[in-house]
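Order as written gives the chain letters A, B, C, D and E; numbering starts at 1 within each chain.
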Amino acid sequence: MRSTLSIALTGSGGAGVVTAGRVLLDAATRAGWYGLLRRSSGPQIRGGESAALLRLGAHPVDCLDDHFDVLVALDWGNIERFADEIPLVATSLVLSDPSAGAVPAAIAAKGAQHVALPLRELATAAERAPENMVAAGALCAALGVDAEHVEACIEALLGRKGGDALTAAVRGARAGAAGVPAACADLALPAMATRPAHRWALSGNEAAGLGALRGGVRFVAAYPITPASELLEWLAPRLTGLGGALVQAEDELASINMCLGASYGGVPSLTATSGPGLALMTEGLGLAVAGEIPVVVVDVMRGGPSTGIPTKSEQTDLDIALNGLHGDAPHLVLAPVSVADCAFTTQWAVHLAETLQAPAIVLSDQALGQTRVVTERPADVAFLTRRRVASPDQAEYRRYAAGGDGIAAMAVPGTPGTTYTAEGLEHDERGTPSSSSGHHARQLARRTDKLDRHDYGPWATLVEGDGDTAIVTWGSTCGAVREAAARERARGRAVRVVAPRLLAPARHGEVDGASALERALDGVERVLVVEQSHSRQFHRYLRAWHDLPRQVRCLARPGPLPIAPEEVRAALGDWSQR
Amino acid sequence: MSTVETAITLAPKQYKSDVKPVWCPGCGHFAVLNAMTKAFSALGLPPEQVAVVSGIGCSSRVPAYTSVYGFHGLHGRALAVGTGLKVARPDLTVVVAGGDGDGFSIGGNHFLHACRRNLDMTYVVMDNEVYGMTKGQASPTTAADWSASKLTPGGPGMRPFQPASIAVAAGATFVARCFSGQPNEIARVLVEAVRHPGFSFVQALSPCPTFCPEQKEWKHVVRPFDAEPTDDPAEASRRLQADDGMSTGIVLAARRPSWAPSSGGASASATTIEAIEAEIEA
Amino acid sequence: MSDNDPGRSLPAFLAHAVALERESAERYRELADVMSVHHNPGAAALFARLAELGELHAGQVEARARGLTLPSIPPWLYQWPAAEAPETGPHEETHYLMTRLEVLRYALANEQRGLDFYAGLARGASEAEVRTLAAEFEREETHHVEVLRAWIDRALTDGGDGPTPEDPDPPNLPE
Amino acid sequence: MSTVETAITLAPKQYKSDVKPVWCPGCGHFAVLNAMTKAFSALGLPPEQVAVVSGIGCSSRVPAYTSVYGFHGLHGRALAVGTGLKVARPDLTVVVAGGDGDGFSIGGNHFLHACRRNLDMTYVVMDNEVYGMTKGQASPTTAADWSASKLTPGGPGMRPFQPASIAVAAGATFVARCFSGQPNEIARVLVEAVRHPGFSFVQALSPCPTFCPEQKEWKHVVRPFDAEPTDDPAEASRRLQADDGMSTGIVLAARRPSWAPSSGGASASATTIEAIEAEIEA
Amino acid sequence: MRSTLSIALTGSGGAGVVTAGRVLLDAATRAGWYGLLRRSSGPQIRGGESAALLRLGAHPVDCLDDHFDVLVALDWGNIERFADEIPLVATSLVLSDPSAGAVPAAIAAKGAQHVALPLRELATAAERAPENMVAAGALCAALGVDAEHVEACIEALLGRKGGDALTAAVRGARAGAAGVPAACADLALPAMATRPAHRWALSGNEAAGLGALRGGVRFVAAYPITPASELLEWLAPRLTGLGGALVQAEDELASINMCLGASYGGVPSLTATSGPGLALMTEGLGLAVAGEIPVVVVDVMRGGPSTGIPTKSEQTDLDIALNGLHGDAPHLVLAPVSVADCAFTTQWAVHLAETLQAPAIVLSDQALGQTRVVTERPADVAFLTRRRVASPDQAEYRRYAAGGDGIAAMAVPGTPGTTYTAEGLEHDERGTPSSSSGHHARQLARRTDKLDRHDYGPWATLVEGDGDTAIVTWGSTCGAVREAAARERARGRAVRVVAPRLLAPARHGEVDGASALERALDGVERVLVVEQSHSRQFHRYLRAWHDLPRQVRCLARPGPLPIAPEEVRAALGDWSQR
């Protein structure tokens, strides 16, 4: 019996693909499985073709599989657009309604088995029940989910639509369950203890929002942009509930500067955006560096350059996140290693920004942000340090003077006796503008060292496995890489996975001149770098900042198609034979 | 300003820092700084309860010259910083200050939206119709035929930006104009502006003798508006359109609710992190 | 605002006198600072001297007011003949290359306005006490004016600083 | 627009490309696109002499749907692109098009300065009081109490931006409002706008049925302005301030010189590179 | 006799230091010498302390020397501010008027010889002549410049001020010449053939402006910013004269987008800015990449981060110039190798942007832009290729389809039959938006390859000298590096200097897998990297993109003090002994 099952649902406007996918995920969750759900759609705002891409499993899953076991086409509208995104193999099943027409060439060419699922007939027979629910019902039944779970999910999802819609949906699911084609016999997943406690269902965007709140963020200013808007929409009412505020700004220049104002006022602040918005924020981030004002930017990356491919994922804002500020501007760059980890990494970013009085960029992406996972409750680390606040009534308050750790005390407006001016010009310790080479050198060094020398604890680099071959990756590609490594290990081959959660400062945690990342690669002779970028941004980052072993290969491919576990194994090539 | 100082009332000069201005002697910005300190004193504000936020420019150097909290930000972004600060810290008195280039050229968008948002803060623009700090280029308020800048040798060639009219059209609820030659009047207007519950915009004509020596004439030209402040934006706009830009005083003082994060009554169910986490439970 | 009318009450008059001297001294101090920032040591020293004298006079006037409760007048409600207190020199008449002679003439104009202010009250105040004290201050100011005239004469005879120098250099681009 | 096509006159549909709009059925932007093609046809413009420049948003997709030269730029920057194009190529007819979010939120500063600069080009904003493209957030023109967006659950809570009033205050010389329910009227206004020698601003009310189904009501509310266009900005501003934002027609058509690079008469001595090089000779 | 002479003139507001420096440079030029003049000043707009830093020589000079031979203090106002900037040695002369007070400690501590120059007395005696002209006259006389030259220069500079000022200045110069202190006896420079033809006097900013015009730029939109404004001010009237246009934009977002509009219209376009402005332009540059619209940005760098040190030089916008665009956004980055080279490099940048339909960033800096040099007339290369323009009336014009060189034909509006829409979304060959992985991969690859594969000719990398030790540097530090290498060679030690004028695309000119830069380092065993940055931006660039020899040292120091030739030699350390 397979331990994970991958299902794609496709259809055009109004077919209800996304809702069916959601029912499937939720029902499987109630049955005790883990899973993820990713959505893909055309350029239309409404009524466009869309696909729900699911993977369910007996253990947590962090990425889509190499291919789908099942494709259910509610109709064939514009299916070519998804042909690339839905790899099928000979054992895959393609379920469609013969009355919707023959399987189109783009799909037929993949050589999967075609199975008739008479959706229209079943739906009509069930008193015009919705076809998407028939499909969901059939799939759930094939998987072995109790009807009770399915119906509970439908009620939870559609309850607010009221009686008729709900009962029709339930009828549809039942009809589907009754009509499961025989060919679907072995789709069942292993039975699980149902409804375990502490299991969470959330998207990466929601997770990042939660991390922000856990980290203490109580002010957000932002401007809508795909695929970051949902993070903001999730935060808006919750911030109000917690006594904080969200301002919809007039543009990204305003959002970042509003955040700086609020943070200067003592309130931890965050904004979220995507590439084009980040490009507008770099001047503000530079001010955060020079003025030492904590702030967090979550960049939910999408295909670039320029407006690019707004709805699809890519890891190509790494360059701008690391190096996009003018001048020598040391700051923090972090990346979550999974959908659920968006919560921890964002929370940690808030903590670091506040502690180190510097801006932090969290590099999420569309694949993390808009994927919904069912997973274990993510860790909530109670970080002890916070922003170092100046005590009142000082004789000569020096905002930019610090002790050994390089971190100065920051006065909160309202505090008597510590008034000062936050300054973006180079300045002396008090904050008075200065162009002296001495002041410049000292402030530059302090701003760099306070980041480099901080103890980031065990979270900075994810290291899994050992051996002399390592796969080094970051962000959303971690899922596929970890799965590829697991498969290698299952074949008895040791593979180390190294993924920095903290990308900048790159040289943190130096011991005897070796960076934390270099130490994680201790004993490694061969490194495969995996990233979703055409110009090898991550590979160049590694080369620039770290000494790598001599044998380096690079699997760098742009979006929008996700990098699959087998693609990673293939890139290992002959290294995998050793 | 009584001879006997009480514990609560500070003299204007106590709102000044010990940083000496780099402004050219004769610059109008001195008077605006002085007026600001007089206003703070007259309002009896504890220095730590006030924040002065600015952008970049000669005028924008003002925060460091005061003894209150200051923020010397980026060129054009002062109002955004002020907005964030005021929303996060409604208890503070937030005064945003800067120049005509900072506020109306690169900062024009934030000006529009700050007027509309009507947060309870004050915006003072020291308008010298020039970019002083970068050596005398034309600003949005420069006359069309001012040909002293090498960058626009024939003059900017377009109608000057009309800050007060635009503020009214954009929805500002308090609009005033004053002149650095009358610092006590500026102080009066600033006191009203700070007291105004909403966004108050003060255009302070503030000559730049270094790049615009012709502005010495301003003192002969300015005169008070010939009517009391109105609370009707349409009337304010009419007056401003009939004016040559040299009348001083408060033009508009209207009431309109200030924006607040929860305005419109958001239905926030969860009020603790735990409650929010419970929603996520699968 | 008759409460604030310096001609109609002694406390109001003294409040004006204190403000007149204090603001004048503060302005001189401000100008001394700005001249030193702009490397005009001659002008800076003169302004600093004028600031000291101003502070001294302010102290003297404050001493006269001891025991009285002066009204607390907001800056814009002082009844000055012009925009600012009479002895407060306008910024716009200063420039960074001011010669000492120009500084003295500038100060003279300030003192003259102060004198005129007191002279007006010495004659026109409705309150007798005010007239008396104003006349006394008028004499004091007359003395200041004479001192300044003498300084100017001395500066003229020793050649002064010559004509206002010109800055041969172009201005700077700081930001 | 006669039935018999001449060699020079193209039918409106010849100004359309073969790219199919991704707009939702029922979207007001279709009508604006159609009106645009009708106006080009009525003006008899050769397609290659026209450039349509836009930003980002549903409305900003318009260039690709026309058969003229197009520029689909960045969110908020369409007017800047149009300005550069028109200054460099005064022979072209430049039409800048976009949405209320693009033009009045992120693009607000360029809007102000384009009005002031008064270049001879036309700016059409398809105003649906919402960010359609990004799934229905409030835009500057959204009503204060519109609570359909999760980003502003209680509504934006501030006075809507008033595009026409601001255009007048900023110095636009041609200001009109029209409604997508009356495409032929839009075409008429666009013809006037393009012919106007200077910056012309056309606010086209263009419903977004997807995110603002309530805008179906607009057709019952719009009505023509009850006066002929004026050439007096003060009068235009008065009318606009008295209006509820739903009157249509040309409000202002004034004359003011358009900005030109050499306006003000720059004294350009050297007219060849050689002459310029000669100045550098040590 | 020394072959170059370094002179610092200092004084406070109104002392006329800059004008005196200019007289000195111009007079020396007339006498046939080369030279450079750099200005340094305090934060005041007018009347602040300033210093004119000169170096004159019998051959062209590209950098300041390690120390000054002469310091003339017109007064001592705020001299401490310049103490760092004016290194003196025991043989240096400090000339000042005893009546201005004793030599202040900050200067006295340097141990130079103090010489009395009674400026005030001489000036008063010369009927109140200006003291700065007395100083200029004295120095010119000491150098051996004919009085005739001096007076001609004064007339050229001050002529417009009219009779009195002019005659007083001439009187002052004469008085100075008559009063040269005896200690100045051996300041003379070798005599030269006077007034040679084809010698130019210009600043880097002017040179860049000239390069722009030579390259064909006829549209400029820009927003003032120090230290780039002068470039724009120089261009404004000249563009008008040539029938072009300069628009003073409302901000930098507008300037870059205006340039894109004009360039789309067929007119070569340029803007100039500094760090904060560049930060605001990266989104526009990304559009230029995606839409393939030529544009040139001259970034005259200043001290960073944030508002930083606006009046001082630093090389710290390298990171943002190379990597500051979101997405995979290949573009051109160039850097002039000397003040005069600003002309060639800018001209070349225009040529490359136009030919390759991509944005080009030229990294000048305050030290290049605001230094005035007297030099040979810079090369004016007549590049043959220009923008590839689409021919009219095509049946199916495909804007983004290209042949082997990857460069597509770009239609100019006004051309019938080639209408198209320039597009910042990812697109197919026609320009229609597409999120297909195939279109994305092909357009990304083409946009990268057209840059990588172009033949950049001999200009891409400056290589001087040979040997197995190389100094690799870029931009304004080239001057000091070349001088250091020359000094090494004079001592019989082979040193190679390698400086990329073309920084991106980094991997251009590959032969057998070796980049042009790697080939320039062929046979090199030791590399000293020299740059003016705290965070080693150039060093990281080299590591990221190129394989370096194993022995690498790095002299990376932030601004504002210039890197001096001896500092470079010191950094060679024991390598210099070999």
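A few remarks follow.
Note that in this section a contact is a pair of C-beta atoms (placed from the backbone, for glycine too) under 8 Å apart; a residue touches a chain by one contact, two chains touch by 3 or more.
Remember, predicted model here, so these are calculated numbers, not experimental data.
Common neighbours of chain A and chain B, listed by label, are D, E. When each chain is reduced to the average of its Cα atoms, C sits farthest from chain D.
When you average the Cα atoms of each chain and compare centres, the chain farthest from chain E turns out to be C. Remark: chain D and chain E have CA centroids separated by 42 Å (rounded to whole angstrom). Each chain gets one centre point, the mean of its Cα atoms, and the points for chain A and chain C are 68 Å apart. Chain C and chain D have Cα centroids lying 58 Å from one another. Looking at chain B, residues 22-25, 56, 74, 76, 105-106, 108-109, 112-113, 133-135, 140, 152-153, 156, 210, 262, 266-268 sit in touch with two or more other chains.
Residues of chain E in contact with two or more other chains: 43-48, 226, 229, 236-237, 240, 246, 250-251, 253, 276, 283, 287, 291, 306-307, 310-311, 424-425, 433. In chain C, the residues touching two or more other chains are 37-38, 96, 171-175. In summary, the structure contains touching chain pairs A-B, A-D, A-E, B-C, B-D, B-E, C-E, D-E.
Those residues of chain B lying in contact with chain D across their complex are 105-109, 112-113, 116-118, 140, 144-145, 147, 152-159, 161-162, 165-166, 168-171, 233-234, 237-238, 241-242, 256-257, 259-260, 262-268.
Chain B meets chain A in the complex at residues 19, 46-49, 51, 53, 56, 63-64, 67-74, 76-77, 80-89, 91-92, 109-110, 112-113, 261-262, 266-273, 275-277, 280-282.
Of all residues in chain B, those touching chain C in their complex are 1-4, 9, 12-13, 20-28, 30-31, 34-35, 38, 42, 56-57, 133-136, 180-185, 187-188, 191, 207, 209-211, 216, 219. Against chain A, the residues of chain E that register as touching in their complex are 43, 81, 84, 253, 275-276, 278-280, 282-283, 286-287, 289-291, 303-312, 314, 316-317, 319-320, 322-330, 424-426, 433, 435-438, 440-441, 444-445, 448, 533-535, 537, 540-541, 543-545, 558-561. Residue ranges of chain E in contact with chain B, taken from their complex: 43-48, 223-226, 229, 232-234, 236-237, 240, 246, 248, 250-252, 276, 306-307.
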